[in-house]
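Down below are the structures I want you to see.
In the two assemblies presented below, chain A is common to both, partnered first by chain B and then by chain C.
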Partner chain A sequence: MEMVTVVPRQRLEGLELLGGPTVPLHPPHRASLPLWLALLLKRQRRANILPPPWFHPTALTSILDIERNKTDQFSPPPPLPPPATGEATTSPPFLLSSTADAPDGALPYHWLELGEILLDAAPDDVVDPDTVRRLMRDLREIRMAKIRAGVVVLDGSGMVGLKGVGGMEVGEGRAFISGVVDGLRKIGTSREQALREREVEEGDDAYDPVENGDEMDL
Partner chain B sequence: MGSYYDIDAILTDAQKVPCTFELEVPGLGYLDGNSGGDMKKGTRVELPLWLGEMLAVSRQLGTSPLVTLDLPTALSPRVINALKADPRTVDLRSLAPHFYDLGARILELFEEEEMVEVLSETFKKRAAEIADHAHNPRGALGESADFLRGLDETERQLFRAAHDSAKSMKSWMGEMKK
Partner chain C sequence: MDIDDILADVGRDSIPQETRDLQALTRVWVAERVSPEILAYPEALLDRTMERIRRQIEHVEMQTGNMDPKTNFRLIVVQTELERFKFLVRSFLRARIAKITRGVFLSCFSVGGERSCLSARRACQIDKHALHILTTPAVRERLSTPELQYLTQHHALQHAHFLSSFLRNFPAQLQRLDDTAGGISMIDSPDLDTAVFVRVLRDVEEPLVIAGTDASVVLKRGDVWVVRYSVVSELVAEGDVELI
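After this line comes the complex of A and B, so read on.
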């Protein structure tokens, strides 16, 4: 459940939702709402969505520069918050990464999904939507090209570094990457077998003295 | 991998490998187009992989094997050298429709350290190329058409997987626009 920041235009009492109560809306105070509710209010013209800071042309441009400069890795994910003191620990998909006070220099886990949804549902709230749309497309293409190029460094056991890759991108690349890994493993089966046999043999050699020692004791 | 009814595994096993008979077998001449005659010692015939493997491997202790296997032409040193030079230009499909599966099966029977390396490198390099083609269809024309026609069965599945992902992505994006 991604939370976004809205600027309400009308008052709304707090709602008791399955995901927890929402804050009461008092214009013009900002509030964080689940994305679906924000979209609903936006469609009814009862609120405006405040896009997250990373969804600004300048932020996206700087991220795109990072992607262009580092050809072998992705732009880093948003920094993790300091470890929570309570039992509530959160990791990327559950972090508040798309509210107005989210970090601005990094793409969060659901950047592609959220970006597309915002561009579609609330283009008038986004700063310079055409530029943002172009930047999003550039980012997507350059990152997908990296994922595809990553298979060249694969071996049957290892994995390309996917740090910073979003959920949608993982989903898009999954069928292809797992196919490549399967193929490589199939080709490498005989080598793996040989390695394992050698290990077993060496293992036997190493154990031999011990076994002999045991027999001596008996 | 390896289901009994896996059609790709069955087709792989049906690919021919050259075998040389080490013994004379009465009445087996029909394999060599000499019906009714005997199979002479030292005759080379192309047998399906499953049959050749059976005859070559399942021997009783102390007897010489019935046939000896050779590398199939699809995995001959000439092909391996071509793959080493440039994996992208080799038409794997004309060599063997199940090229990598055949390779994996052959590698179980032969000790070929180098071939494992070459096949893995080939697969990786061609996989990257396949992904590019699947995401940016440049039409069924020119160089890319030749490359795509030369894909073996494993690579075709890979192409389809990559292409389907891209297509689902596009349709999701398209739905958003509505």
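After this line comes the complex of A and C, so read on.
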């Protein structure tokens, strides 16, 4: 339930929804609503969507620069709220990463999906939609290239860091990456088994796992 | 406890239970879809959600027929959300059932006669996880009552079908579907070493080490890793990392 900020054009009382109550809408006060509801209101011209700060040409350009400069990793994800001590820990899509007061220097987890949806449903609310569309395409291509380039460091142990990866990118790369890792693991089973037996012989304390140098940190 | 923790506590309490449940449901749904094995059935969560869905449907039924355009629009919103919730629950349960009886439709192609050997081999592969679940008490406990009932009956039906269509033509010692003789078990269990994508929700102090390889990583909050499911399954259950 990704939240976005809307500027309502009509009054709407708060609704008791299954996913929690929504705030009452009083034009022209801004309000945070779930994306699906914002899109429904937008289609019926009952509200305008306020695009998140990172979805602005200048913000996207600076993120694109970061992506260009760091050739071996993605641009950092938005800063996380302080870690919760209890059972509940918030993670995307429940982080408030796409409301009007979200941080502007980082792409959230669902950047690609959200960007496409906004360009499709609310191009008139986006600042300079053509430039944004071009920047989104550039970002997508440069990040795709990083995923493809990262394939060479995959190995059977399957320890690959992908900090800052997007939801869509995980979905696209899942079959290939897990296929390669699983395949390499099966090839290396006997070697791994031998190493494991040697470790047991030497005793657990004697073995000090060496920090692996070629872990991919995209 | 510093100020951040206090702020986090306050922030969490202000989130309504419904929203927290939606988040939990989304998380178990994603986890169930990508994990190689069947996960524990979140009974309390599903009970709460189903009860809310039932109440919301009642509410919609009471309000239908009200021709006031304002109420009408609100009803559209409520119904749209209801459908979203139903999809989530349905997809979650479907993902579980798919694991319970994987590839069951293959059995439609089984034929008798000279091809029975082939169909028998296929048949053994068909119900792969059903037998694994039924014979492993720890896994069996993860199912809800209706799921267990479904699995038991489905398996009984399928076994009867196989028996009448081709297994009865086999020598008696080859008729079993759960044969473990000869060093090869016919009970196929899910490959727990499958690579999965995880996101770290809480810092884990112990570095993650895979025995037999020289890989070792420290899990930091917010990181995304591709790892073997078997090394993180406990962390997933504890909520330190989530599957994505």
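Criterion: the second predicted complex is superposed on the first by the 189 of 218 C-alpha atoms of A that agree within 3 Å, B and C clash if a C-alpha of one lies under 4 Å from a C-alpha of the other, contacts with A are read in each partner's own complex, and residues count from 1 in each chain.
One rule holds for everything that comes next: contacts are C-beta pairs under 8 Å (C-beta built on N, C-alpha and C of every residue); 3 or more make two chains touch, one makes a residue touch a chain.
From a predicted model like this one, the values you see are computed outputs, not experimental measurements.
Contacts of A:D182 after superposition on the shared chain: both chain B and chain C are touched. In the superposition on chain A, A:A100 makes contact with neither chain B nor chain C.
Of the two partner chains placed by superposition, A:L64 touches none, neither chain B nor chain C. Comparing chain C and chain B on the residues of chain A they touch gives the larger count to C. Of the two partner chains placed by superposition, only chain C is touched by A:L15; chain B is not. In the superposition on chain A, A:D120 makes contact with chain B only, not with chain C. Applying the stated contact rule after C-alpha superposition, one finds that A:M144 touches chain B and leaves chain C untouched. When the two structures are aligned on the shared chain, A:P77 is found in touch with chain C, with no touch to chain B. Within the superposed three-chain model, A:E172 lies in touch with chain B and out of touch with chain C [touch as defined at top].
By the document's definition of touching, of the two partners only chain C reaches A:R196; chain B does not. Chain A residues 155-156, 174, 182, 193 lie at the interface with chain B in one structure and with chain C in the other. Within the complex, the chain C residues that touch chain A are 1, 4-5, 7-9, 11-12, 15-16, 18-20, 22-23, 26-27, 34, 49, 52-53, 56, 73-74, 76-78, 80-82, 84-85, 191, 193-197, 199, 201-203, 207-217, 221-228, 239, 242, 244.
Every residue of chain A that touches chain C in the complex is listed here, in rising order: 1, 12-13, 15, 17-21, 36-37, 40, 77, 80-91, 93-94, 155-165, 167, 170, 174, 177-178, 181-182, 185, 192-193, 195-196, 199, 209-212, 215.
Contacts from chain A toward chain B in the complex involve residues 116-117, 120, 144, 148-149, 151-152, 154-156, 168, 171-176, 179-180, 182-184, 186-191, 193-194. Taken in their complex, chain B has these residues touching chain A: 1, 100-101, 103-104, 107-108, 111, 113, 116, 119-120, 123-125, 127-128, 131-132, 134-135, 154, 157-158, 161-162, 164-166, 168-169, 173, 176-177.
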